[in-house]
Amino acid sequence: MLSKNSQTYMACDRDYDEAEIVLFGAPFDSTTSNRPGARFASRVMRAESWGLESYSPYQDLDLTESTRVCDLGDLELSFGESGLALAQIERTVEAILNDGKLPCMIGGEHLVTLGAVRAAARRIPGLAVVHLDAHTDLRQDYLGAELSHATVMRRVYELLGEKSIFQFGIRSGEREEFLFAKAHLCTRLHDLKGIERLEDELSGRPVYLSIDLDVLDPSVFPGTGTPEPGGISYAQLQEAILHLGRLNVIGFDLVELSPPYDPSGISAACACKALRELLLSLSKSAKAKQ
Amino acid sequence: MLSKNSQTYMACDRDYDEAEIVLFGAPFDSTTSNRPGARFASRVMRAESWGLESYSPYQDLDLTESTRVCDLGDLELSFGESGLALAQIERTVEAILNDGKLPCMIGGEHLVTLGAVRAAARRIPGLAVVHLDAHTDLRQDYLGAELSHATVMRRVYELLGEKSIFQFGIRSGEREEFLFAKAHLCTRLHDLKGIERLEDELSGRPVYLSIDLDVLDPSVFPGTGTPEPGGISYAQLQEAILHLGRLNVIGFDLVELSPPYDPSGISAACACKALRELLLSLSKSAKAKQ
Amino acid sequence: MLSKNSQTYMACDRDYDEAEIVLFGAPFDSTTSNRPGARFASRVMRAESWGLESYSPYQDLDLTESTRVCDLGDLELSFGESGLALAQIERTVEAILNDGKLPCMIGGEHLVTLGAVRAAARRIPGLAVVHLDAHTDLRQDYLGAELSHATVMRRVYELLGEKSIFQFGIRSGEREEFLFAKAHLCTRLHDLKGIERLEDELSGRPVYLSIDLDVLDPSVFPGTGTPEPGGISYAQLQEAILHLGRLNVIGFDLVELSPPYDPSGISAACACKALRELLLSLSKSAKAKQ
Amino acid sequence: MLSKNSQTYMACDRDYDEAEIVLFGAPFDSTTSNRPGARFASRVMRAESWGLESYSPYQDLDLTESTRVCDLGDLELSFGESGLALAQIERTVEAILNDGKLPCMIGGEHLVTLGAVRAAARRIPGLAVVHLDAHTDLRQDYLGAELSHATVMRRVYELLGEKSIFQFGIRSGEREEFLFAKAHLCTRLHDLKGIERLEDELSGRPVYLSIDLDVLDPSVFPGTGTPEPGGISYAQLQEAILHLGRLNVIGFDLVELSPPYDPSGISAACACKALRELLLSLSKSAKAKQ
Amino acid sequence: MLSKNSQTYMACDRDYDEAEIVLFGAPFDSTTSNRPGARFASRVMRAESWGLESYSPYQDLDLTESTRVCDLGDLELSFGESGLALAQIERTVEAILNDGKLPCMIGGEHLVTLGAVRAAARRIPGLAVVHLDAHTDLRQDYLGAELSHATVMRRVYELLGEKSIFQFGIRSGEREEFLFAKAHLCTRLHDLKGIERLEDELSGRPVYLSIDLDVLDPSVFPGTGTPEPGGISYAQLQEAILHLGRLNVIGFDLVELSPPYDPSGISAACACKALRELLLSLSKSAKAKQ
Amino acid sequence: MLSKNSQTYMACDRDYDEAEIVLFGAPFDSTTSNRPGARFASRVMRAESWGLESYSPYQDLDLTESTRVCDLGDLELSFGESGLALAQIERTVEAILNDGKLPCMIGGEHLVTLGAVRAAARRIPGLAVVHLDAHTDLRQDYLGAELSHATVMRRVYELLGEKSIFQFGIRSGEREEFLFAKAHLCTRLHDLKGIERLEDELSGRPVYLSIDLDVLDPSVFPGTGTPEPGGISYAQLQEAILHLGRLNVIGFDLVELSPPYDPSGISAACACKALRELLLSLSKSAKAKQ
């Protein structure tokens, strides 16, 4: 008789044991230097997801039948203590990977990715990161802090080494960051062109996928900490998600939705739809059914 | 490790069987004629409640220890079919009463009260209704509809008979409604004066309590369908709640929070605090502990 | 000396008798299951229309001279009683058609279309419906209700029969709805491609045109009940409107603008401009002048 | 069948000839130096007024039967040309006074009052002004402009002479303005105390009443150009309105509602209720009926 | 130790004497007839600019090193006195031009452009104006006022003569304005096509550049007085800015950002980024460094 | 010619050397656990202060002549590193105290107070803290963090010892916090009663004053991280400020304005007015002039 609408992301109500994908929220935004609020993303996405359908006409797959997802709820992260929060995330992702499941983290700000990559990198040799974003996130430090949304990919680089990060959509950063990216990463500017060639370039290499939703144009996705004009459309992201489904993705996140800057709710709608498409596209059991 | 924050009203996570009070949401606002949105109240109250403390310094009681509340979640009500929605509510309240528990319903618009009163009136002879509101809600029909937020107390009157409804805070209605109230109800205008005498007047009679939160002044509670200037302060409501705790309340509701008209969140904060105070004040086990 | 700005949609101030097109509002959204507020669309569109020009550089036509429109104001519809509201709409459209005029209805949620199509279908044999929307709207029922924004095109299908509904822009629904559409309707997914061929395909058949504005991308049109990412641009809708002007349109509606979710007003601006272009494009007298 | 809701302030639909009170909007805010938007007040008040009842339980009078009001709509005022706008207002008020009717102007910013007082002062000897406001409005000029919301009462003083302006609620201004007020006006600070003595003090003298709604506390009335904390409650304004009904009021205005700063709508609700109460309180025919 | 963030547009903190470009705000919107608020643009742009990087990956130039900009702050303009405000702007621009520097004005509404062009036209023979806008702005007068945002280009035409104004992006106006534009201006409709040919067409002629940001589509730039659907993307504006850098620009402005209608902040982000790109593109010293 | 409006809090433009009071912003909110945004308070207060007058009719004093304040701007604090941010604040306050001036800090969240008290306590023996707040802020730790807005007064207690903190307005906390307060602090619940006796109780003891603006009722001050219904009015705060002027205040702060939750701007208006009154009330030179 009673609805479960407010409790999980739509149709992600499997028990942990039977789940193929394990979703959790990381409501942390303490290092956000511009507009805070990403802490509310997972809560809002769960509530808004029920306004969408569970069926994807793009993939002819349905969340309720094509995959098995468990939504654990949110981590309870300490604010103002970045190191502690990252450790909690790392432990969670490690446990999920140890159980042979695919972790799916809803940010929070982009720093949360570091916790997940730490867990994955220790366990999975040869890990690559595919990174969609408007910003390079490659600073050495930010106002003295080495753990920051603005430094996260520099820290990931230190973990994974040369040419292991594949960036798309980048259109903002300091000159030094662009020079660093050119020397040490695989960075494509402005849009997602070339993402269809990743399958060949990575040829089965294990991939952690991190999508900073501000890769979308602010018209499409206003609700984010640092909107950067000149981004991609939702249709372009949708198409990319289908390409990303052909990679060997072992974990992924969706970060930087900031609901307080999304008064019309269209950013939440984008985030929810992208998540549905990712859950279907990255699910091995769903692919087997196609 | 994981937080339950988004799933229940704070600290209301007991199992149904051990619960003294059973809380549920009735997300329905199809007959709202002015500003819709009360359907979102229960979802928002659950999320916002975690910004409050579970301890009440007014009553020196704490939700986590002084009472046992089960939050069932929301009913899944049909929109645009008032009769069907009321039937679902009636069945729910009946089941809770049959199990010897106290039902607590979060509206939704005020019409939802009729479903609860129908269940209670059939089961409990001599039932009275205590009704806090800015509006009389005593129309015979509204644009042809007999089931409406604007007619709900007329329908309740038809169930309970003469002088069984005790209204407080009333400051808006048609002349005919005020004349009807004078003839058939116990109606006090403008504020809550006299509520401290209810204990004597009702002398143990079973009471269903219905609080339309627009009894508060719009400065205190802007987020409602039909804000009516000239209402009471939160402190006055707080004091009244302590008086209401001395009555023989067998069920209650809190209705007409409309989150889309509450951009600063202060209405949700009021609703959450009033609910905490009511849960403590109306709990028999809490009172036994004092 | 006094302005008429707040009373009619701009430049639609002809008397009923001399009007070619008769515009009215249908402020109803009782079955909206996600975000309510479409009830406010006609009021807001009238007010905001005065920020536009009455002249269209796209068509080189001007509302003040090229056509004759009467704005009747809003119907006073009963909330929470879908059947009654539809009957009122049906009577209004029937009267307008009987007087040899073109009805133009501003919703309200999409269910209002059913009232208009009922009136038109009874009077006009061989009626087809051209339907622009993000959603299929083809459910058999929604939470038990057969009259719903989510079922409206199923009901229309029951009136008009096989292959009489021509859908464009569809990108959301249940799998069953897509299968139903494939079997019984003429449905094109994602965008408006092929709309330029409708003139040939319909070859003079009488058409009722229903535009659910959520066919637009949420970036362009955030203010709607259920925003669905991946839609069309305003420029694409503008071009389609010129094509639609070549059909034998006997009535039309524009639905699902929800002003509470349009804080910047751009959705209202789109709706107003689309309406100006439709009034000019669908007016037979305007076409005669070109 | 059709509603008139969006066209006049509720229940103010009499023809000009039979009207006792003539209401019109003055949508002008060109000199507003802080937050603009008062231009939208009359449009919003008309729309929102229908959420109120036409019956006043405070006065036991009903707008539909106790008085006769004609709502002319809005003046079409030139922006950026204060002198021209004032002349239009002056001509309108003059015409209404010449016809023996009571003018009621909805601002707009406070400068519009000058146009009305110019018309009244020329025609009615011995005119006094009763002025409720948070601000003195007594500057000699503002950034070089002599026509400004910040100078309007200085200009009125120049027309009416010593001790003809009775100010209440004043809590903001420059030191010089307070000194000027002390010397030349009758000014009471902070609240409305003493307003009940006006009947005696004015003993029948003709009065133009100007209510700047920012006299209310910003918690009660946030939607205004320059919110000034420390103001009065709605209940205090309500009580004052009853006292003002005993004066010989020959015209009045309600100014400085700025809807863009009223996201929850409570300021509009206050303005509408105050207007209903004023229309009933100041109507001679209503008083005759009591 | 202390941040200068709130005081200047990012990285524009050179002293006047050493500056190549002199930036100032013109917070004036008294003639705005639709939605006011452009007065707040310069204040908001200064604050929001710090969320961007000073480095442009599009031009490989950095504001902190590639050019020298002084931000003077805002003019203190008289509201409600258009002539006086224009005179203040004219004096400021004249002084900057006399000092051999490039003036950069942040509006305010579009009328402010007239003050700047008056100063430039008197000093610089053969001046042309390049004008990006959704609206023609070519009325003879607006509600009787000759100085208005709706007439500004007509006044500019009177100063500069035939075929001296090059308009792009135009998609709204009265029929008469379009006819006037065809006869006397060089006007391209809808988008920026052809802007790459301006370098040849103008062949070194001195240019004042005026960008009304509503040339952007409302999805990209909702925060403006009169949003007009069907505009350009940010990427198209970005590309045009690079072309404009090849003209002989002697002064420029960016007008019609209205922050109150930009609740998500994306319009401010666009305006800030466009300004960064313009400051780099139009700087002669920056070009010399490339 | 140019306005300084956006650069300092109104009328606080003295050079550091001649200043009696030194104002600075501490834009930090990394430990805010509920609704972030206090980082924007100082920026918004500077901008909004210019809508107020510099003259106080309550004290008959004017900021421009009665005192000398230097506004240093904002500290550039590291996000996500509470310890580092506190150290920066501590150094700033120490420098100001060393120069014999009165520090005035605009928060930021309440944790910033700890930095200021550390500086003051080391330098000034016998320091007391007067603390206005809705919340006890006395937790030992919060989710493992010892530096938090929820623990700040516990940390202050550890610095100052028994019965050195005088709390007013408290109405929320855990039971343990209330017990702790009773044992070790001087805590008055709910409102400011008794504040007029502080002069006697403290008899010249040096006082650091910390005002968490959420001591105000949410109707008066919605824009804060954790609104707590049942607070005081602005008039009560105003009266208290005059009493506080009689204490030996050696430094003070105003914290927890969160502009993103203040859509109507009334919270900023309250904060600005309270600051004006405090600057006048706590200025020794102003007092000497009275």
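Labels for the chains are A, B, C, D, E and F, by order of writing; each one numbers its residues from 1.
We adopt the following convention: contacts are C-beta pairs under 8 Å (C-beta built on N, C-alpha and C of every residue); 3 or more make two chains touch, one makes a residue touch a chain.
Predicted, not measured: the structure shown is a model, and the values here were computed from it.
Visitor: What is the set of chains touching both subunit D and subunit F?
Guide: Both-contact set = B, E.
Visitor: From the centre of subunit D, which chain's CA centre is farthest?
Guide: A
Visitor: Do subunit C and subunit D face each other with the same patch, meaning over half of the contact numbers show up on both, or with different patches?
Guide: Same: when the shared numbers are divided by all numbers used, the fraction is over half.
Visitor: I'd like the Å distance between the centres of subunit B and subunit C, where a centre is the mean of that chain's Cα atoms.
Guide: 39
Visitor: Rounded to a whole Å, what is the gap between the Cα centroids of subunit C and subunit F?
Guide: 55
Visitor: Would you please write down the residue numbers of subunit F that are in contact with two or more other chains?
Guide: Only 76, 217, 219-220, 263-264 qualify.
Visitor: Throw together a list of every chain pair that touches.
Guide: Here the touching chain pairs work out to A-B, A-C, A-E, A-F, B-C, B-D, B-F, C-D, C-E, D-E, D-F, E-F.
Visitor: Which stretch or stretches of subunit C touch subunit B in the complex?
Guide: 29-33, 36-37, 39, 76-82, 84, 111, 142-145, 147-148, 260
Visitor: Can you tell me which positions in subunit B touch subunit A when the two form their complex?
Guide: My answer: residues 1-7, 24, 43, 46-47, 72-76, 88, 91-92.
Visitor: Under the stated contact criterion, what part of subunit B meets subunit F in this complex?
Guide: 51-53, 55, 57, 60, 62, 217, 219-220, 233-235, 238, 263-266, 269-270, 273
Visitor: What residues of subunit B sit close enough to touch subunit D in their complex?
Guide: Residues of subunit B touching subunit D: 34-35, 170-175, 178, 189, 217-220, 222-223, 226-230, 261-264.
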